[in-house]
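Next come the structures, one after another.
Consider the two complexes below, in which chain A is the common component and chain B and chain C are the respective partners.
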Partner chain A sequence: MAIESQAIKRPAPFAAGVVGAAGGFLGIFVGASNGSVLLGILVGFVLAAAAAFVAMQVLDEGMERPFKWGLLGLITVGGVLLGGLPGLILGAIFGWLFGWFIYWVGMGRYRVPLPPYLTAGQVLWHYSFRMLCGVIFVFLITPILVVMPLSFNAQDFFTFTPEMLAFDPAGYSLKHYKDFFTSTEWQGALRNSLIIAPLATILSVSFGTLAAIGLSSEHVPFRRAIMAILISPMIVPLIISAAGMYFFYSRIGLQGTLLGVVLAHAALGIPFVIITVTATLVGFDRSLTRAAANMGADPVTTFFRVQMPLILPGVISGGLFAFITSFDEVVVVIFVGSANQQTLPWQMFTGLREQISPTILAVATILVGISICLLTVVEMLRRRSERLRGMSPG
Partner chain B sequence: MKLTKTLMTTSALTVAAAAAFAASHGNMAGSMTLVSWGGAYQNSQTKAYAEPYMANNPGVSMTWDESSAEAVAKLRAMNEAGNITWDLVDVEAADAIRLCDEGLAMEIDHDEVLAAAPDGSSASDDFGDSIISDCFIPQIVFSTTVGYRTDLVGATPPTDICALFDLETYPGKRSLNKRPIANVEWALLCDGVPKDEIYEVLATPEGQDRALAKLGTIKDQVVWWSAGAETPQLLADGEVVMGSTYNGRLFSAIAEQNQPIGMLWDAQMLDYDGWIIPEGLPEDRLARVMDFLKFATDTQRLADQAAYISYGPARASSAPLVGTHAELGIEMAPHMPTDPANSQNVFVTQYDFWADYRDDLDAKFQSWLAQ
Partner chain C sequence: MSTLKGSGPQTFDGPTPDDALHEAAALQGRDTEPRHGKGKAAPMLAADGTPLKKSLRRALRAQKMRALLLIAPLLIFILVAFIAPIVDMLFRSVENEIVADTMPRTVVALRDYDADSGEVPGDAVFEAAYYDVFIAAERKLHTRLGTRLNYEQTGVSSLFRKSGRGLDDIGEVYQDQFKDLDGDWDKARPWAELMGDPEWIADQEAWDKDKDGSMPRFRLAEGISDLLPRTAEHYRIFARFAQVEEGDSPLKEEPWTAVHTALYQDLAEVDVSSYTGPGAERLKAADALVASPGFKTVNFKEAFAEIDRGWTEPAIWQTIRLYSPKYTSGYFLNAVDMEKTVDGIGMRDENERIYGLLFKRTMFMSLVITGSCILLGYPIAYLLSNLPVRTANLLMILVLLPFWTSLLVRTSAWKIMLQQQGVINDTLVWLGLVADDARLVMINNQLGTIIAMTHILLPFMILPMYSVMSTIPPYYVRAAKSLGATNWTTFWRVYFPQSVPGIGAGSILVFILAIGYYITPAIVGGTTGTFISNRIAYHISSSLNWGLAAALGTILLAAVLILYWAYDRIVGIDNVKLGG
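What follows is the complex of A and B.
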């Protein structure tokens, strides 16, 4: 029978110290938005520590529920006084969080999910590690999240207006989305992106897969050298590839044509396909192709009916990378394309440089949405295929 | 696998279709590529010149490339690659001079190519001083000037340029161009150099150091911008209390976006913006461009442009024809940098001076910035 960890009540000064530190940390942000960081830390520490001390030392364990509600109410009212409607929401969140945190720390509940033999240091590390991971996620995600509300700005600036912060509907508008869907420039850019990216993907997937298969058979001479050349677009700085392509394509009449941009993007996408397909080919059993040949299948039939289905996951993820490379690419298209081939990233780039218009944020929000949908679909397909092939349970 | 076969067939088909599509979209007859700055300025050109022209010439189509900011570099590359894809390029006067010197822009005879004024006076008389180069076909006069937050400057809003350097009366951040032009002239003016001696002083190393020293008094309060859209954004955010930018950007923030911003006309730095024709266009494209150019720079068209943006027409004969804003209906003449009330105290960009000293001053300024 497993021994369960017990929640043991901690000394009140310990709870007060830990909760106070958390309060001080949140105080940095509240303080910064109200003018003084130092004061924020101090006030946050004192308030949080006092609340924890009262809860642990003065009140009984049975008072948990009333105490949590009381704290929630107090902080919410404080939030309203400080910051109106947004203060109310933040206050409610903080109030709930601290109510829970005080009892979680004070009552030693943090011990419960962990094995009982861990030392204090190990417990501390367990939770600091989680905290660290959380902070990194916040750091990565916040810039993307900030963009989304700003794209509904009723003004033409990247600014959280007072109306927006007060959740006044007049501060919000869909006009930047309307601008995106009605402006011929943006629609032309969207159309170009939607033509160029799939075509470039199809080309990179076809050529990249063939190259990977060829390069993984042992009798091909100079395999390493050929491989190095094929994946060089990934290693050489983009601006150099772009300048080279510009002069080469100009001479052969491909500069400023749709075909030129598609070919350039295909060259950028091929390395991704080669790498992912080569990786899946490592696990591919060559005796299967010999068996197929033995049974009278010609190489093409063998490829489509035996090899292709088995390396499909690598092909698909390579294709996805190739698609995203083309869809996000701005440097090469500026060189190789002309005004007729302006893609979404190009339009966003010039728009950011000259206008700083929130239409860019609306587009960014839409693109983030599309990316999330695309990745979700691919991940679901991957899981489904793994399940069908019995590679993972459930 | 049927699915894979279908996939392969369709991909082959789409590639073939794309090739055909690309081939049919190469330079079709009657299409022109115009290069401009994007945004409200390009919009004013579309509305005032391009749309009326296309209404008269249904066979012509136009593509806009928002690449004016890197026009010099791109034209050099096009020239080297022997593949000129642009037909008409909108650049600042200083860039036009460089392009002309390098032989990348075509020299023209203004009187022959451009329309005469309605009163019969020749194009070169009508454009006057704005023809700063044989390659340059002026469109507008714009100025670099200072805007300020009306709610952050206290009871006495600034009235002269030296408010930029007055941290006591107007504390807070300022945004300035990350290039010496305009900044060094203002610095010397506010350091007590008489206006007509500024370029003499600026030609000496001591004078340059003096200008940088004056800028140094506010350096830790300056946000440096590199695109004209940045100052309006910073002002709207309240990140800066005042900052320099182009007068059209300030007009747009004040009149069209209703921001709490005011502007100074004092010591505004006037400059010109206009077209150049890339050197080496084939005969048919050149003929098309010339026809459009004659229309797009006539007196009425330049006056019409002022209904969409607050930049002054480069032709003297256009000024009396400037009307009201296309959407707001306000009189545009008082918002022109060339309006007599606004041009009491102006600098006109000294192209000769900057042609000689630009590289030196740029290097000095950048190393000063990095200190």
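What follows is the complex of A and C.
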């Protein structure tokens, strides 16, 4: 049993210093938006340090809850005075944050989740590292989060308008969504995407699953070479695939046809199907097919009644990968397709290059919604198959 | 969160024919070993009486066949839909048939031309060029050839375009004189009767567009090509062109002026007095006209010079000669900023070298992107692999969501955030950290491309790193610490070396993806942040220099394949992991 770390109350000047530094950091921004950075740092430091000192030194421990509420109220009021409605929300957030932070530092609660033998430096490093990772996560997720509120912009701007920042309902509207659902161009593009992607998915899943089953049997001559060829569409840069397909498909008359685009997208989706299905087949217990054969099932029955239900999660996630590959693909469709095969990403690409309208943002938000759904399905399938694999022998 | 592992070594509980085969061989080997003078033991038999070894081998072969049959449809599909286009592109990067196909006579005539002499070639070359360009102009191919040669020498394109129109003048001089002599020389029917086989004329007359399908193929009259070789050749070309390309009957179409030129050339050389076929009188009269002193002739070389002085400079002839072979390294040389000149292969002028710069920039930026992905991805992968599974799964969503989000959504998000009136600049201005008139330029340059692509490729770095790091046992680190190593030493000497395979796998993957990127640089890269792929796209869709696009693509492909090979050696292709 590990020794639990205890939260030990820290000296008040320590808490005041740390919280004051945080206050000073926040003061940079508040000060900058109100005219003077230096003043902001100073005031921030003094206020935060004073609050921490009061909480730690003057008040006794039972006063934690009232103090936190009081601080939240004070900072919120300050925020309203400085910045109106946005200030209110930011103030409330920071008020809560500071209340929590003062007690977290002052009472030594930061020690609790860590082993007791760590030195102060190690504790500092631990939390700095967490902060760093937090920043990177913010970097990863912010672009996606920024797009969503902007898509409700009432203006044709690609940035937040003052009305939006003031949370004025007039600053928001659904007009970009209305644009998307009424414009014939966008609807045509959506329809094309919804025709091409499923067709390509069906092609790559049916060929890919068969081949993956073949590849997973152990006596395959040239297995490595075959695998290299089948995975190559994923590795070869898209622009090269696109160029090659453009030249070749115009020679054989497929350029600018729906069939050409579907074939091209199916080829691009195949590596994903191969990878996911072979991964699923690793955990497949082969004695099941032998048992089925033993009991008189022909290979087709064995495949559909025994093998397929077990590898289905892998096949479906492979299919979803293939679907999203085709649904997202721009480069190849631009070259292989013609205006009649204009897909959603193509339309977005032209929109972005020519800066036509923020309808793109509405489309982007819808696409993010779709990818969240797909991600959820794939994760659920993956966990299910892991659970099944964990239970089945071999 | 464990990963989807590739099909690594497979485990089989049951016996397979292969195992049995080895076993049988071993058994038999022991049995057949002549020991103590014993005789050879009988081979083991299967249930149906065939030797066990044979029957097992048959079973193994059947299994192999079945596996291959399952793979075959996909393999064929990929070979046709994907590999064939790539091979076609490779072929296009060296293919150069257009010069020899469009100007066959000129290419032959130029064979004896000494390109180093600095002189304009002789009349024979100009004569050949006249017929070649004339026919090419009728087929509307001369501008294509001009465009092709323009890649090698600027100005050729307009030269060919002008000449296509201007060369008619030469033939018209002869046409007019023959026409003045006898109006039949400008009529379709008399020409066809003079040149065509009578049987063919009968066939062609009987031909009905709606009933018979394609026209009867034009045939020359017997002996006419011995008598009037040039005229026969060019009339035949004209007739076939009219039939096939335009669907017109040569009986109703008057021939090109080039045929009149050919007729003049023939009549000036041969004697037609023995000719007795149709139109003999007309031909003899024309012969007399040509022999008469008042007959106007045109010198080919002068006519060309009149159309454009460019034809009298040796450069154009040198270029045609240099690019006459069916295969050329010209595109590749061009792709590495070199060119073929009369003196051999040399670098282009300093101000024309762009591809070397582009390749270097692509490499450099890909390296920077890979580097920043390592820097940002390593802490995340470390954190995820050291957190409790539940928390790690939750945080993993933050990595997987960008991975699953459409590339265009992420690119457009970055465009919105980075532009001068964008979210980041607005925030900075609002905070007062940046003056309103000094907004940061973060887009349409290298910085924009690097930021956006690092974000887009980061999941490809984190996922392989994570899957390697989550297999590193924690007790090495603990052991190192308990032996007195400092934090840094523990990390650097114990943990880091074990995580290097993950860094390697992620880096190669990110680098491969980065050097071929097209969409993101095209949108946020401006002019200084574009990659070689953007140039390839430009050559395919705007400048239409497909050969150069193919050559650039081939070089890029070679680089990627080397990396792919390295990836295969280090990680194994079938260990590529997707998601989680």
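Throughout what follows, the second predicted complex is superposed on the first by the 312 of 394 C-alpha atoms of A that agree within 3 Å, B and C clash if a C-alpha of one lies under 4 Å from a C-alpha of the other, contacts with A are read in each partner's own complex, and residues count from 1 in each chain.
Following the convention adopted for this analysis, contacts are C-beta pairs under 8 Å (C-beta built on N, C-alpha and C of every residue); 3 or more make two chains touch, one makes a residue touch a chain.
What you are looking at is a predicted structure, and each value in this text was computed from that prediction instead of being measured.
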Touching partner for A:Val112 - first (chain B), second (chain C), both, neither: neither
Touched partner set for A:Leu199, first chain B, second chain C, both or neither: first
Touching partner for A:Leu39 - first (chain B), second (chain C), both, neither: neither
Touching partner for A:Val58 - first (chain B), second (chain C), both, neither: neither
Contacts of A:Ser250 with chain B and chain C, given as first, second, both or neither: first
Which superposed partner A:Arg353 touches (first chain B, second chain C, both, neither): both
Which of chain B and chain C A:Ala170 touches, first, second, both or neither: neither
First, second, both or neither for A:Ser338, with chain B first and chain C second: first
Per-residue contact with chain A, leading partner among chain C and chain B: C
Touching partner for A:Thr159 - first (chain B), second (chain C), both, neither: both
Those residues of chain A which chain B touches in one complex and chain C touches in the other: 157-159, 203, 243, 246-247, 251, 353
Interfacial residue positions of chain A with respect to chain C in the complex: 29, 32-35, 37, 122, 125, 129-130, 132-133, 136-137, 139-144, 146-147, 150, 157-160, 203, 207-208, 210-211, 213-221, 224, 226-249, 251, 263-264, 266-267, 270, 272, 275-276, 278-282, 285-287, 290, 317, 321, 324, 327-328, 330-331, 335, 345, 348-349, 352-353, 360-361, 364, 367-368, 371-372, 374-375, 378-379, 382, 386, 394
In the complex, chain C residues that touch chain A: 2, 4-8, 10-14, 16, 18, 60, 63-64, 66-71, 73-75, 77-79, 81-89, 92, 376, 379-380, 383, 395, 397-402, 404-417, 419, 421-423, 426, 430-433, 455, 458-459, 487, 512-513, 515-519, 522-523, 533, 536-537, 540-541, 546, 549-550, 553, 556-557, 560, 564, 567-568, 573-574, 576-580
Of chain A, residues touching chain B in the complex: 155-159, 185, 195, 198-199, 202-203, 206, 243, 246-247, 250-251, 255-260, 262, 304-305, 308-309, 338-340, 342, 350-351, 353-357
Residues of chain B that touch chain A when the two form their complex: 1, 4-5, 8, 11, 14-15, 18-19, 21-23, 25-26, 33, 35, 37-39, 63-67, 69, 77-78, 80-83, 85, 227-230, 232-233, 236-237, 257, 259
